[in-house]
Amino acid sequence: MAKDINLEKVVTPGQLVRKRFLRNKLAIVGVFILLGMFLFSFVGPVFSPYGEYTMFYFTAEGEEFSSEDTKGYDPAGSGVTIANKQFPSRTHLLGTDKDGRDIFTRLMYGGRISLTIGFVVVFFQITLGVTLGGIAGYFGGKVDNLIMRLVDVIYCLPTLPIMLIISSLLIAYSIPQTQKIYWLTLVMGLMGWASVARLVRGQILSLREQEFMVATEATGIHPIKRIVKHLVPNVMPQLIVVATMGMGSVILTEAAYSYLGIGVPFPFASWGNMVNVVSDTIILREYIFMWLPPGLCILVTVLGFNFVGDGLRDAFDPKMKR
Amino acid sequence: MARKTAEQREAVKKMREIAKSNKAVMKKYETEKKRKNVPASEYQTTMKNPNNILEIDNLHTYFYTDMGIVRSVNGVNIEIPQGKTVALVGESGCGKSVTSLSIMKLVRGPSGQITNGEIRYNRPGGAIDIVKTPIKEMQTIRGNEISMIFQEPMTSLNPVFRIGAQIDEAIKLHRPDVKKDDVKKQTIKMLELVGIARAEGVYSCFPHELSGGMRQRVMIAMSLCCNPKMIIADEPTTALDVTIQAQVLELLRDLKDKIDASILLITHDLGVVAEMADYVVVMYAGRIVEQGTSHEVFLNPKHPYTIGLIKSKPVVNQVVDRLYSIPGSVPNPVHLPNHCYFKDRCDKADGRCNSGIPELRNIDDEHKVACHLYKEGNK
Amino acid sequence: MWQYIVRRICIGVVVLMGVSMIIYGLIRTAPGDYVSTLTSSNPEVTQEMVDRLNELYGLNDSIPEGYAKWAAGVFRGDLGDSFIEQKPVAEVLSSKMWISFWMAFPAYILQILIAIPLGILSATKQYSKIDYAVTTIALMGMSLPSFFFAAILQRIFAQGLGWFPLSGMKTARMDYEGFALMLDMAKHLVLPVMVLTVLGIGGLMRYCRTNMLEVLNEDYIRTARAKGLSESKVVYKHAFRNTLIPIVTILGGMIPGLFSGSMITEGIFGIDGIGNTALTALRGGDIPYIMGSTLFMAALTLVGTLVSDVLYGVVDPRVRLK
Amino acid sequence: MKKFAKTFALLSLTAVALVGCGSSDSSSSTSVTTSVSDSDEVTTNAPSGTSVIAIGSLNGIFSPFFYTTAYDNIINSSIQESLCMTDREGQIVPRLAQYDIEEVTNEAGELQTVYTFTLLEGLLFSDGEPITADDVIFSYLVQLDPTYDGMATLSTLSILGLDEYINGDATEIAGIQKIDERTVQVTIDGIDPAAIHKLSIAVLPEHYYGEGFVKGDLSAVKAKNGSPLGAGPFKFESYANNVVNLIYNEHYFLGVPKLEKLKYQVTDTSNLLEAVITEQVDISDPTASPEMLARVESSGLEYRLIDNLGYGYIGMNAERIPDINVRKGLMHLMNREPAVRSYYGDLAEVIERPMTTVSWAYPQDAEEYYGYSTSKALEYFNQAGYEQIDGKLVKDGVQLRIEVGISGGGTMDHPAAPVLTQMKTDLEAMGGVLEIFDTDGTVFFEILNAEEWDMWVAAWGSTADPDMYQIYHTDGSTTRYNINNPELDGLIEAARSTNDTDVRAEYYAQALEIVMDEAVEMPVYQRKNMYVINPDYLDINSLPDDMTPFYTFYKELNNLEMAK
């Protein structure tokens, strides 16, 4: 009976959450999807023989060479063509795109950017939301009023128009294209913190009303400590769920931005700007390998985030006993 | 620190095992429940004593949780004679409520399952075993022949329906004899019966507009509206303040006489027991430790736990320094020891107490105790 | 109640001022104003003409000045004239918003009809195969970029099967009138409505499922069962009525949004609604229209939250608004 | 039918003449006559059928005065008729009016040009009212109004008395005179070969548009923007649900159109081809690519290819990249051939001089000026003082950094994409930086106008006249290259002051050499436009033969006919 340890004493709440989480099969599928995508996007490029925007040419004799390694051929030689829209082959696992770049490689780099954007945007949103929501809820009164009006304003700003305008501002100020992504994420973060702030503020307000808070103040313990102590377990689960699902939706948003031409800029890849070739009816019809893989990547990854988010919510909620 | 992680690793492993076995068990029971067209012969049975309205025989209700199997009800035998009140007493978490829910077959699946035993119900058309009765059949019994009053009046009424509608619903469902147009009249009659003064007004109220006591009265009216043969009252007064408590109990007793029903009264309040019950059953950690007529059990408590319970009840006009409380707490329901569950808290424990779990023994015609200190027939 | 609404409207006006200031400021700082769009591709245009046009369109005003003029107009009930369409903005908005509405409304109804039953189904069968299947399919709908899904629908149903028109609002060749015209326009709306529906189902279904699960754990559900009600009555009457409270609330809040159009979907299907026009305006620097339409969209968001809050008070007997 | 055939024959004869001996038109006075025969022959077939043409997004401003987009103007041209029009070669030929150009010297000894327009007899607007000289003058006055804010550039002409009219109190313009009911005379200072193009405006009915029109108030004219009326082959019915509905004009001066109804369906660019295949429209103009041609053929559709009036180029701002050697180095990094070949196939060709090959002034024998060569590029960079230090191309401690703007809509669907990709790769390999800013047209052009691109990728849409004053001349309004080369200025001015095509062609050839040598503009491609036609609906023979960019089926809408 040595094995008969008292589980209730040993098992942490975290483990319980995990237990409940693991019971949800979709959530597990989601975890594997995300793990796979992360490996693919962040580790994959290390093993890739091509660069993100390496372009391929054919000589008149059909020999292939690339923009980075001309193998002694002249890219301007007679009969040289760009090796674009090639069907999948051993050298190009998913073929090449309309500008003669390797789709498989770009898929990995694109995933890197799409996933990174997801994380960074959500990080901004949560940080801003928690800070401002916390301040509003804690201080109340005028500060609260001010911040909540700001939240209302942000909430009412139509996102796409703002992004279109800001994107042209970035161009006007000659923000280098490599940095554009960060600005993009910053703005997306700025546009998205309102709901997080509302959540945090609401929690703090309801905490303040609870009796134990009155008791705390009576005993002279600094209320901020108490708030933090009670806030974390109350809000954390919701924040984690919001964050997880948020990452999925950011990927979709980036895709929409790419479609409107304000996403990740040329020549860099993102799943969004790779998939928007579907608007070319010829490509849609004849070159399935050009749009289906990025489309699937988006679908599967966003689905993964949603599965995990759903699973987390069910796991965190103690009422979901079953 | 290292030890702890090793322990935790062990725990994780164990939880995985538990989850695996739970899954298999739960699946088995759930498929059993889902069976359709169960022939009546399967759940028909005969009563041991035809004067009993209900006989609970060796009932086991387990909860398959992540931490292991919680043996909430672990071999309980209770007989409820026709027209009598039986009180089920014990600390919280000892399995009283689960026993009552088992009678209604309302234990929340798939984790909660009745794993063994019989609950024989003396139905006018022939006795049945509730454990084997399909849910479909149970639906004609619930609220009709056996009804239940829950302990949380604040949350047990549906907030979006008016009071009247919620009672009407039960009447319409179980009493085809009441004409459609008379349902409302009947409901108002029931509301008046439970002592609600402006029954017409309450009829069209929403639950949140009523006080706790009123809501509990509504709950009682709802459970009585179909003239049940048996009422299960699960701590009907716990959530109420003292003056209301007395009223509600009074009401319950009057009503019982009026419609000649049996009551299974679940409570941890011994005062209530003394006032209401004909028989008392004392539960501890899922098992019965003492049972008998309320007279016997109160005047002549045998089990140290019962003695402790009685001692811990404040008595009017008696000066004590400090109210007695039983030391320690109920053992972990997952890891029940293989000796008397009460041993660790018992001030009379000795060497005999380690020798297995004590059986429930007759020490009198009307009095049973499960304790190593007592022998059969021995006072 | 009325007091509450009036107070909310007052706050709303303040919020709208904030929104319009931000947008006006951004628009005027961003490159791509109307006059330069108009003149840049025409080498014959002289600087004098450009100056004259700038003066005419109020682009020589400073930003605060320009905003003040605009705001003064709004308070007089005049949103100005659209540069591009050369018509009063209010007139353009009021005609296009119905187009957007008739595209969004069927989708809204379909979403309700599909998502709510699915949500209930998967809640009552939590963690079953049905639950997994329903959740996955519903979430897949919201895990695809809208333009991607739209392109695939066009490929299958318009190009491939030829069941529905590719885009547009009516069959130009035919001079349908009355009922035939309505039928023809309805046929053109099938694909866009499909896109909007599928995109929206996931969220609503999930919302419905979570709420249903929560309600199913309530005490009064046990009471209902103890009454002897059949399982379907318990679920569809007692549980569902309670689930409806939050659902009706958000559904009500969505109604104003039906007028705000969707930029991407409208563009793809050649539907001349609010979103599409707003996109054109943004691209063309049509300041009055951008201001008008963003103000309109922001106001719709505000009205949406107000409607949902008021509805909450109406639907849930426990809530009284103050 | 016969009526038209006669006119058409005459027109094409003229055109042939122009092609055959290009200089025959070079006399200072041109007079071409066309007459509408008064033949009593009635067209045998009543107008029938409805055809649908795809069109881009419309703003709904259907007025030749105030339209802002080319698409709106297509609608205008279906409803309105002009005094003159361009023929297949881009030369002005009579339409509603015969014209006569005369160079005169006034009392003060200044050179002036007098344009006389004489309306054909019996012309009617689509509402049956006659077209008179008053309508022509009214149409001029609207465009010359002090408050006029449309796109027409008529006011840039130095018409006599114009300044007094726009900036003073004059109630009429001295240089615009009504000679009789059908004749209008316009006098301008000096010689301007492009003036005739600007003067051949659409004639709008004063009785409809002019109601309430006074100098300085165009609101009454603008009020009619949504409900145009003119003398074109079709009458405006309505614009709703993204469809423009037109109906035949029984008074059309070239005979009653064959189609009863003509519709324009607004269609998204990406759907242009599929719209024809799915029979939503009968004609559309998708961006031509070899794959698209294949699909057109396999779908049993007809197509027509027409040279695009304009060309694609990569430009550089000599003020932002002041060192000509850097510019030349960059020129040598542009590998155009494979990019154009892979994007357009046979539907475009690489051009060697910055001018559309459609123009008569394009030097057909021009050869490649800057070939792709990384070594030559590096040589030029070195000459400019750039050295490779630590893998960076540096001069005075500053790395070579070029910002290139391109209006690929942010999605970089652009033939120059591979050129820029290769250039970026090469520059990075040398240690320089190429920042590519891909944005939509509005933003792109605004920044271009502010001259804030170092380098940019764009296309020039050309006018019929090859005049390059505004583009390359130091004082040009749209000179973004900042060449400031007096020799070039001289050549451009010289070419402007003569109407002799041969002489002008020679001047332009020399000018283009200078432009190339300045390394400010790399010509990239001359492409073809494609019209896809569904022959099941539209009689393919009813489209004009050998369409050119100057002369498409839009000029013969009245001839369009449904397939039998």
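Every chain is named by a letter (A, B, C and D) in the order it is written, and numbering of its residues begins at 1.
Methods note: a residue touches a chain if its C-beta (ideal position, glycine included) is under 8 Å from a C-beta of that chain, and two chains touch if they have at least 3 such contacts.
Because the structure is a prediction, the values reported are computed rather than measured.
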item: Reference subunit B; chain at largest CA-centroid distance; value: D
item: Chain closest to the middle, measuring from C-alpha centroids that were averaged per chain; value: C
item: Contact-richer chain pair [A-D vs B-C]; value: A-D
item: Separation of subunit B from subunit D, taking each centre as the mean of its C-alpha atoms, in whole Å; value: 91
item: Centre-of-Cα separation between subunit D and subunit A, whole angstrom; value: 45
item: Centroid distance [mean C-alpha coordinates] between subunit C and subunit B, Å; value: 53
item: Whole-Å gap between the CA centroids of subunit C and subunit D; value: 39
item: Sites on subunit C at which at least two other chains make contact; value: 30-32, 159, 268, 283
item: Multi-partner residues of subunit D (at least 2 other chains); value: 271, 274, 440, 442-443, 446-447
item: Touching two or more other chains - residue numbers and ranges from subunit B; value: none
item: Chain-to-chain touches, reported pairwise for every pair that qualifies; value: A-B, A-C, A-D, B-C, C-D
item: Residue numbers on subunit D that touch subunit C, as the complex places them; value: 50-52, 57, 59-61, 66, 68, 149, 151, 153, 155-156, 222, 225-226, 241-243, 245, 261, 263-268, 271, 274-275, 277-278, 280-281, 440-443, 445-450, 461, 463, 470-471, 476-478
item: Complex interface listing, subunit A residues touching subunit D; value: 53-55, 57, 67-68, 74-76, 80-82, 84, 98-101, 167-168, 171-172, 174, 176-177, 258-263, 265-267, 273, 276, 279-282, 285-286
item: Of all residues in subunit C, those that touch subunit A in their complex; value: 11, 14-16, 18-19, 22-23, 26-27, 29-32, 126-127, 132, 135-136, 139-140, 142-148, 151-152, 155, 159, 202, 206, 210, 213-214, 217, 260, 263-264, 268, 278-279, 282-283, 290, 293-294, 297-299, 301-302, 305
item: Residues of subunit A that touch subunit C when the two form their complex; value: 23-26, 149-150, 152-153, 155-158, 160-162, 164-166, 168-169, 171-172, 248, 252, 255-256, 259-260, 272, 275-276, 278-279, 281, 284-285, 291, 295, 298-300, 302-303, 306-307, 310, 313-314, 319-322
item: Contact footprint of subunit A on subunit B as seen in their complex; value: 4, 7-8, 10-12, 14-15, 19, 66-68, 108, 110-111, 332, 334-335
